[in-house]
Amino acid sequence: MSFTLSQINDRLGGTLKGDGQARVQSVRSLDEAGPGDICVVWQADALHAASRCDATCIVTLENAGFEHENVIEVADPRLALAEILILIHSIKRAEFGVEPGAHIAADVVCNEVYVAAGARIATGVQLGRRVEVHANAVIGAGVKVGEGSIIHANATLCPGVQVGRRVVIHSNAVIGSDGFGYQSSDGSHRKIPQVGTVVIEDDVEIGAGTTIDRATLSRTIIRRGTKIDNLVQIAHNCDIGEDCVIVAQAGIAGSTTVGAGSIIGAQAGVADHVVVGRRVRVGAKSGVADNIPEGDWIGSPALPAVRARRALNLIGRLPEIYEELRSLRKTCSALEEKLDQAVMNDTE
Amino acid sequence: MSFTLSQINDRLGGTLKGDGQARVQSVRSLDEAGPGDICVVWQADALHAASRCDATCIVTLENAGFEHENVIEVADPRLALAEILILIHSIKRAEFGVEPGAHIAADVVCNEVYVAAGARIATGVQLGRRVEVHANAVIGAGVKVGEGSIIHANATLCPGVQVGRRVVIHSNAVIGSDGFGYQSSDGSHRKIPQVGTVVIEDDVEIGAGTTIDRATLSRTIIRRGTKIDNLVQIAHNCDIGEDCVIVAQAGIAGSTTVGAGSIIGAQAGVADHVVVGRRVRVGAKSGVADNIPEGDWIGSPALPAVRARRALNLIGRLPEIYEELRSLRKTCSALEEKLDQAVMNDTE
Amino acid sequence: MSFTLSQINDRLGGTLKGDGQARVQSVRSLDEAGPGDICVVWQADALHAASRCDATCIVTLENAGFEHENVIEVADPRLALAEILILIHSIKRAEFGVEPGAHIAADVVCNEVYVAAGARIATGVQLGRRVEVHANAVIGAGVKVGEGSIIHANATLCPGVQVGRRVVIHSNAVIGSDGFGYQSSDGSHRKIPQVGTVVIEDDVEIGAGTTIDRATLSRTIIRRGTKIDNLVQIAHNCDIGEDCVIVAQAGIAGSTTVGAGSIIGAQAGVADHVVVGRRVRVGAKSGVADNIPEGDWIGSPALPAVRARRALNLIGRLPEIYEELRSLRKTCSALEEKLDQAVMNDTE
């Protein structure tokens, strides 16, 4: 599938200098590109390299004064790169079919789906049209996977989990393992059965190695459109709102609610039973222990971002602050003495 | 399997108002419950919803003044929920049998065990009675798994690892991969063979995606009753005591010992060759670099909790502290000048 | 395979007291060792136990005054342990062969390789000589794996990934899942196709559960000799230099470059688009948000280590600092008053 430069320029809303009928079929980096490719360039040194590149078209910043056979100038080349990738490179889909070596329970209907060798589909599973289950993925008993969803190699959907449409679950993610709940007494811990489930709504993406635990009762829910990166932990009973972004290695503890449109940064942690509001942004590595209704938060314990930035920068100046304090103490003592002396002289 | 309300009330030590012979067979959340179900409620707004719920019985706080067909009043509803779940919902067990598509070495005896399709049991493995090995789990050569243990889908037990009785290992956990040991010289790193193993004692639970490395020599050991959450890293040669709790995404570096009954919070880290005492509690996100014999610890570097709470809260006030310091410096300078002036006037 | 004590002593450059022709074939811990074993001991209490050990040889610190049938004294016993392990215990290799139950595409040539039951090798894959693919590992379409590399059980190499020679990839690692890239507008997030790949160069080791994302364009690269621990996240477009060490649970965000020979500590994080220089060391749990050309860095935000150690230690003294400040303020006020009084008296 290829596109004319005019089609691409129309999508980007840029300025095309060159042949609008020339066609490209892929975006590539400068060092890999050749005829039929389009490159996007925004750094000065890259522009230099771009002038020697055989790509059919170079997309760059407006007024860059860059010359090439075909150039599209845009206001924001980074955004343009995303747009072109989305336009040209639709997500690759596997062809329908069940490979030999797939382990599929007798009651599972597999119409218009792809199931790879080694994948295991247990009893009672329902797969929507155009679902893909890749090699060695495990779909537990009674799981439902909605139309167009992709379960990548070695991912695990535990029994009873519900997955919506157009969901992508990456390799080695685990959806629906037991929540971490124990009844402790006299120092030992009895397992509390986790009889709830996990619901993943439409258009969610879940990264490689991420774990989402089933609820004690009811359900852990990841709402429509939310994107979760790799190695994230979502504990039991969490409710993650629509269109959230949760970056790699972040962790959300049990029964916590995250409002729609919020962003949880990499390696951040949110404590249990916390309510995070809508469109809240939590910085990387931050630790949220209390409810945060709105705004940007940084640090551990997390503070409003403006205050936190000033406070965290001052940590590095603590040695000077401490020195200054000691010096002031001396100054004060000297002053005190001098004053006492002065007063004494005065009264003499 | 169902229980009378009298049986449940006896277990809870509560006060039953209603029909002691009425029967329930599951605990559910308010929005899902109907006849035959029991609900546990402790928040005011939930109590309101509970009054319209068809559940056979509502468990709630004593003196809540709540009216329903059958009510059990207890001192601690959260605790009651755990008790009822443990009473009613025993952990679901798979039926014995080896599914077609399991890859089992010829010398492995599989009596009274469950082995799912795609599971791989290598040569020399010994499985105790009532062991479950779920789909696509891998049990390496020479591994021993004790009676009643459950190895979930896609988990990996590397060769030679020893697992006790009633252990639960969740999906995608890796037990016994090589410890991270290199001999570095001239800037390059030669791998040190890791010839030890991992021993998991009875009644341990290990979360999804958690990794526990084999020892360089001898063994990494997780002692009886310890519960480990998801995505935890336990490095080679660690000795984790009995009945510990290690929360999600925590990491314990090599050769570190954690005493019995200790709790390591989420995303906390303990450095290598450290000794953590018994019943120590390390807060979420804390960093422990030195031995801590007892008590509660918070922060990175970790401090005793009482001090740490005060110290960490003051980080947020560093901007004010800094301003105060500057203002004091000015005050002092002004005082100094004023005093000099006064003394000078005096001597004139 | 066994070694004479003379051979071992030659390798260690130590002093052998005993029978140079005695032979040993394994290193063991004191409590497991017997005839034919060699032990390495450096702690005082261990030396005491060693005197009662049947091991053929004890390696210990020079001038330890330790007596045993055969003793090798060395300057650095820890180093000696590594050396002996490397000498005696070469990494165990599987025998060539393809086990029944492996799922191998028709076009894949499997000469002199090991492929375990349940492993899946997709179309277009090229495996070098002496490659091992363990149980239930998944090798996606078009992947190349160089000579002598080992892919452990349940690991996933996504389509198109390139792996060099003598690489070790541990269980449940995921190489080449999609980078975390979205085009966000009006609060919703459109997936940006990730059409690049991952290149793992020779002699790299990648820990259990670690995730390395494919590039948006071009490639994420892990260069020769770098060692990565468990549960590490490497985001798309990263360039990790030669001979780096990245410790467990660290995370490197997108498009970041790490120079050769650098060490990233456990649970540390490096932000996106950052340049970390050569031989930089980042402490455990540190957070790097800006370029760091050289040196040792600690803390979050990361500071040069010397400064950071003083600064971080002062966090624990913030309560005293705060008290001191309040007390100084009082002292100053008292002085001010006293001085005013003195001046007033003077002028009266």
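By written order: A, B and C. Residues from 1 in each chain.
In the analysis below, a residue touches a chain if its C-beta (ideal position, glycine included) is under 8 Å from a C-beta of that chain, and two chains touch if they have at least 3 such contacts.
Predicted, not measured: the structure shown is a model, and the values here were computed from it.
Superposition on CA atoms relates chain B and chain C by a rotation of 120 degrees, given as a multiple of 5.
Under half of the residue numbers at the interface between copies chain A and chain B are found on both sides, making the touching surfaces mostly different. Remark: chain A and chain B have CA centroids separated by 24 Å (rounded to whole angstrom). Shown for chain C are the residues in touch with two or more other chains, namely 118, 136, 154, 172, 209, 231, 249, 267, 312, 315, 317, 321, 325, 328, 332, 335, 339, 342, 346. Considering their complex, residues 103, 118, 120, 122, 136, 138, 140, 154, 156, 158, 172, 174, 177-178, 180-184, 187-193, 195-196, 209, 211, 213, 216-218, 231, 233, 235, 249, 251, 253, 267, 269, 271, 287, 299-301, 303, 307-308, 310-312, 314-315, 317, 321, 324-325, 328, 331-332, 335, 338-339, 342, 345-346 of chain B touch chain C. Against chain A, the residues of chain B that register as touching in their complex are 26-29, 31-32, 79, 81-83, 85-86, 89-91, 99-101, 116-118, 134-136, 152-154, 168, 170-172, 205, 207-209, 225, 227, 229-231, 243, 245, 247-249, 260-261, 266-267, 279, 284-285, 312-313, 315-319, 321-322, 325, 328-329, 332, 335-336, 339, 342-343, 346.
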